[in-house]
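Should a chain be cited, it is by its letter among A, B, C and D, assigned in written order, with residues numbered from 1 in that chain.
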Amino acid sequence: MNAGHGAAGFGTAHGIDTTVLGENEIILNMGPQHPSTHGVLRVKLRLDGERVVDSECIIGYLHRGVEKIAEHRSYPQFAPYVDRMDYVAAVSNGLGYCEAVEKLLGAEAPPRARVVRTILAELQRIASHLLWLGTHALDIGALTPIFYAMREREEILKIFEKYCGARLTTHAFRIGGLQYETYDTFERDVKRFCEDFAQKIDQYETLLTENRIWIGRTKGVGVLSADDAIALGVTGPVLRASGVEWDLRKAQPYAAYDRYQFEVPVRENGDTYDRYLVRIAEMRQSRLICLQAVEDIPEGAIMARIGKVLKPPPGEVYHSIEGPKGELGYYIVSDGTIQPYRVRVRPPSFFNLQAFHRMARGAMVADVVAIIGSIDIVLGEVDR
Amino acid sequence: MVLANVLFYFFALLAVGSAALMITRKNIVHAAVFLVTTLLATAGIFLQLEAEFLFVVQILVYAGGIMVLFVFVIMLVNLDIEVRAVRFNGQWKVAGALAFVLAMQVLTALWLGRKTFHLPAPPTALAARNTEAVADALFSHFMLAFEVASILLLVAMIGAVVMGKRRAE
Amino acid sequence: MVKRGNGEEPPDKRPGEEIEPDASRGASNVLKFPTPHKVESEAAVEAAKPARRVPGSAPREAPPAPALLDNELVQRLRDRFGDAIREATIDRKQAIVQVDAGRVREIALACRDDEKFEMLVDLTAVDWPKRERRFDVVWNLYSMTKNERLRLKAHVAQGESVPSVTSVWVGANWPERECFDLFGIVFEGHPDLRRILLPEEWHGHPLRKDYDILKQDTEWVRENLGIESGQ
Amino acid sequence: MHGFFQSVSAIIWPVLCAVVIVLLLPLLAGYIVLVERKVMAHMQARLGPMRVGPHGLLQPIADALKLVLKEDVIPMNADRMIFWFAPVISVTVALVAYSALPIGPAFQIADLNVGLLFIVAVSSLGIYGVVLGGWSSNSHYSLLGAMRSAAQLVSYEVAAGLALVSVLLLAGSLSMKEIVQAQLDQGVWFVFYVPFGFFIYLVASIAETNRAPFDLPEADSEIVAGYMTEYSGFRWALYFLAEYANVIIVAGLATTLFFGGWLRPLTRYHDHFPGTSIELLDVVPTLLMIALAVYCFRLAPKQPVRVQKRVMAAAGVKCLLFAAILLAALFGSDAVRQGVHGAFWFLVKVGAYIYCFMWFRFSFPRYRFDQLMRLSWQFLIPLALVNVIGVGVAIVLRERLGWNPFMSLVPTTLATLGCAAWLTAEESDFSEEAESSATVGGAEATANRGGE
């Protein structure tokens, strides 16, 4: 089983040597049941006092074999499962999967469906970032932002609920388009939310952005350089906070993103504070996208004519979208039957979490929770 | 007066008893706890002598300050080794002999000076403003000694910082 | 600030890249969508009507079958590695280069340094149990400089090991462990090849096609309880 | 009436006070928790406890019952004796400290002539409960919490002590009663004389009671619950009680030293109701309580359940009862009036101080350990030293040169302000340095990667 132990130490997470402890060193197991490992992440820390000498992430506590399940379901049957991976951003997961299968089929959703998808995906990005903001602030000891964030997230979840009846694991989209037409006041709801939301973001920023303690806790903590980030396959806000201006919505537009004006927020220091600023700025941009999109939703069909039984011709496809946490990719291999031969999910959190080891070097215990929070992981997605 | 005597013997027994326990405990944290008890009992005796200032300083400095640092350091050290260490090794015979000689000396001294041995009358007039009295004494009669002591402490502190820094590097 | 793969810069139209929307995007408020497939434009014609779906009907136009790919990139790789580059195809506008499993590390290094595929987006495998060399190991690369994707693929037999690319992209560490965990593919030179998602004492590799949880369960019951499983 | 007080005050009165404090404190702590939860909830756009009793009024009782009935778990490898004893130390010393705290001129167990030092000394012993509890649990989280706590308390005691010294210099006494008397005599609360002394004490007292943003010993997101991680049930409740008892102690200390203790605001305003000896301002407490009672009565019919209606009405009746006591005291002797009204004002000020604690707790993120230490040693302690020296100079100016007391303290405040500004500038220099070194570190890491 343990074949292939090569030379140790390529810089990413490898097992901690627990046999040789220096003077005053202790091994601390954070998790899998710990208030701020966001689910069931287990972090093994080797501490010198409160300083981290070495760290190792141990994952898999939430492994459900989603990729194996996919091989025993038809294409549409598997769609609800993807919602359960990044369960705080189910809409984005669904979007990625549906578009990947559409690509495999050689079909494309009609314009109306694509715009609605864009709106919902952006709302989901805001919701996901809000949940991140709240829990991240809570980890750093600010008790209040989470309740403000939850208040706004609730509005988004209400829109989801009105649209498709579910709040968390929405299964909002279908392969080929949408199952449901938008409800009567959809545009008004989205618009009202977006208009109120600008001021709400200001509220969060009042509490945190220029707070000395917040700056002290996040600036210079968990620094990840641009080169490291790319080498580690880190994507999303974490990558952009390291100074790489790269966003799949701009680089390889999908859904209807090529229609809208928005900016990609980038920061240069790659520390926890910059990741915070990038996500805050992203929420503002998402809000702008929603406002633009909801102004002008094209009329027309919501479903492409793809047939009821989906039998993609043999072949394979990789399709990725910019999820709230980074590049969310689906690699699907078809053997021409109604069931996918292989579905591989490229979860952004999995790759981003890999960078933790590098960020945590020399940090203190308190920084560890700040760093984990700033990576914004969802274990459902890391473990699948 | 009965109450005062009862209190005195209570504090005295507590002090001596926990001091004895302190040196016989194998667990170093337990020993520290008993040392704290000794210090507090001594503080109680100070209070009985109406030396309120000393009473408070005893608690504040020794029990509340120095012993906290003791415990802090003890917790950092690996305790298992201390617990397993043999307390009474081959030197105990020599130590016993020395202790016996010392005890004899003390007893002789007590016997010789037994005529002068009596408890001092409890102070009464002084008590009301003894904090001021301490301050006055410190800053007038013993000014030089006080300053020398403070310089000594300063030197010790700087020395500790320098040594600590060097080891960190 | 590193500016990479920004949509503002027109990417070159080499094969092996994602479809770029046409130039009119963002120009006006009128929504014009790129129409790369006929299916979609037909859907647009039937705009007002709700979607009419015929049961069992196949998509109107099947995506083009995988075709051979022969562009400068493949040429350069062929020049350099010769036979190690087996077959290059393009499937659904995505470039796939099949390579010799033994030389993957060098090829990866060349891709990273000379061809500017800085990022290993994903590393995975596919199991084809009936094939002689049953596994496809797949490396998904992305070039931020060129905004282009490339998929390397190698056929690997059971028990055969693949060179690890952790020295090329440090981020390959966990995906390789996952691959080892779920497929049992051994990556030579990996710093710490252990199971990652499953517990250390797990038997078998679940993503193999011949992995059968029911069979395992029956065996376990027989071994540990001494009875025939009722399943 | 007057004679009664004097005869009682000899020995029965202190014992009575002690019994009342020991009995009432858990209840008071429970209700402070309720208030804290309600305040927190309203700051966070939600309602807080609403189910047990109207507006959660019976929640503390339910919580206390739950805690007492819970299983008392002792970890297997714990040091049982110390594990058992540690929470008791915490609570005991917290309660002992009350013996010197004057809650109004009449309610004080013992007027020590070193009262202030006594309270500081005894509360400094509370650390043993925390440290020993953390150590005896035999858990890494507990140990980390205990070590953080020890280092934090020792550091902040210095700053708090120095801040108190500035008041001592002004009052010229260590007795709590005399400090209040000095404020009455000088006609001004000391917070106006030494605002920086108050500021330093405020920060240090939050740190000493382990409350956010200095709640590192029990930082839930980092070390689970710090020294309390392995405690449950009643023992845990004891720690909780000790924490809130300490909060009340530091609030009481701050009130006495900086806010004139039991003195009512505008002590020098002495207008009477025509024809009586009752001062106009002394009616304010009664009116406040009546207003509160009216509020309760208005809320009572709106409660959904009958029990809740009754409890709410009972709360209203209680307020009326307090109002009656306050009113009756007006017609009593001076000692009675001052005793009752003094206690009222004292508790109001303590409440305001505790409210500040809560407000900070919900507004600020938590400090990191090194930042916490730096704040104490590199900011508060130098500041407090400058402040103390300044106050000394001011007293010389006042007594030898006959300056106006306010004018003489202006240079002190300005000097401390200047020092604070300078230290803050230093600190931001420092953090910029740290930032640049972090960038260099990142670059090195990149370079290293190339070599791998």
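Going forward, a contact is a pair of C-beta atoms (placed from the backbone, for glycine too) under 8 Å apart; a residue touches a chain by one contact, two chains touch by 3 or more.
As the structure is a computational prediction, the values presented were derived from the model and not from experiment.
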item	value
Geometric centre: closest chain by C-alpha means	A
Two chains sharing the most contacts, counting C-beta pairs only	A-C
Interchain centroid distance [CA atoms averaged], chain C/chain D, Å	62
Approximate Å spacing (C-alpha centroids) for the pair chain A, chain C	20
Separation of chain A from chain D, taking each centre as the mean of its C-alpha atoms, in whole Å	43
Chain A, residues touching no fewer than two other chains	10-11, 228, 231
Residues within chain D bordering two or more other chains	449, 452
Of all residues in chain B, the ones touching two or more other chains	76
Residue numbers on chain B that touch chain D, as the complex places them	27, 29-30, 33, 36, 52-53, 55-57, 59-60, 63-65, 68-69, 71-72, 75-76, 128-129, 131
Residues of chain C defined as touching chain A within the complex	1-8, 18, 21, 25-26, 29, 31, 33-34, 36-37, 39-40, 42-44, 46-63, 65-66, 91-92, 94, 96, 118-122, 124, 126-127, 138, 140, 144, 147, 149, 151, 161, 164, 166-167, 169-175, 180, 182, 186-200, 206-207, 209, 211
Complex contact set, residues of chain D against chain A	40, 43-46, 140-141, 144, 212-213, 215-216, 219-224, 361-371, 431, 434-435, 438-439, 441-443, 445-446, 448-449, 452
Residues of chain D touching chain B in the complex	79, 81-82, 112-114, 117-118, 120-122, 124-125, 127-128, 131-132, 135-136, 143, 146-147, 150-151, 153-154, 157, 174
Interface residues, chain A side, partner chain C - complex	1-15, 59-60, 63, 65, 67-68, 71, 103-111, 114-115, 176-177, 226, 228, 230-234, 243-246, 250-253, 256, 258-261, 264, 266, 268, 296, 298-309, 311, 313, 315-318, 320, 327, 329, 331, 333, 341-342, 344, 346, 350-351, 354, 383-384
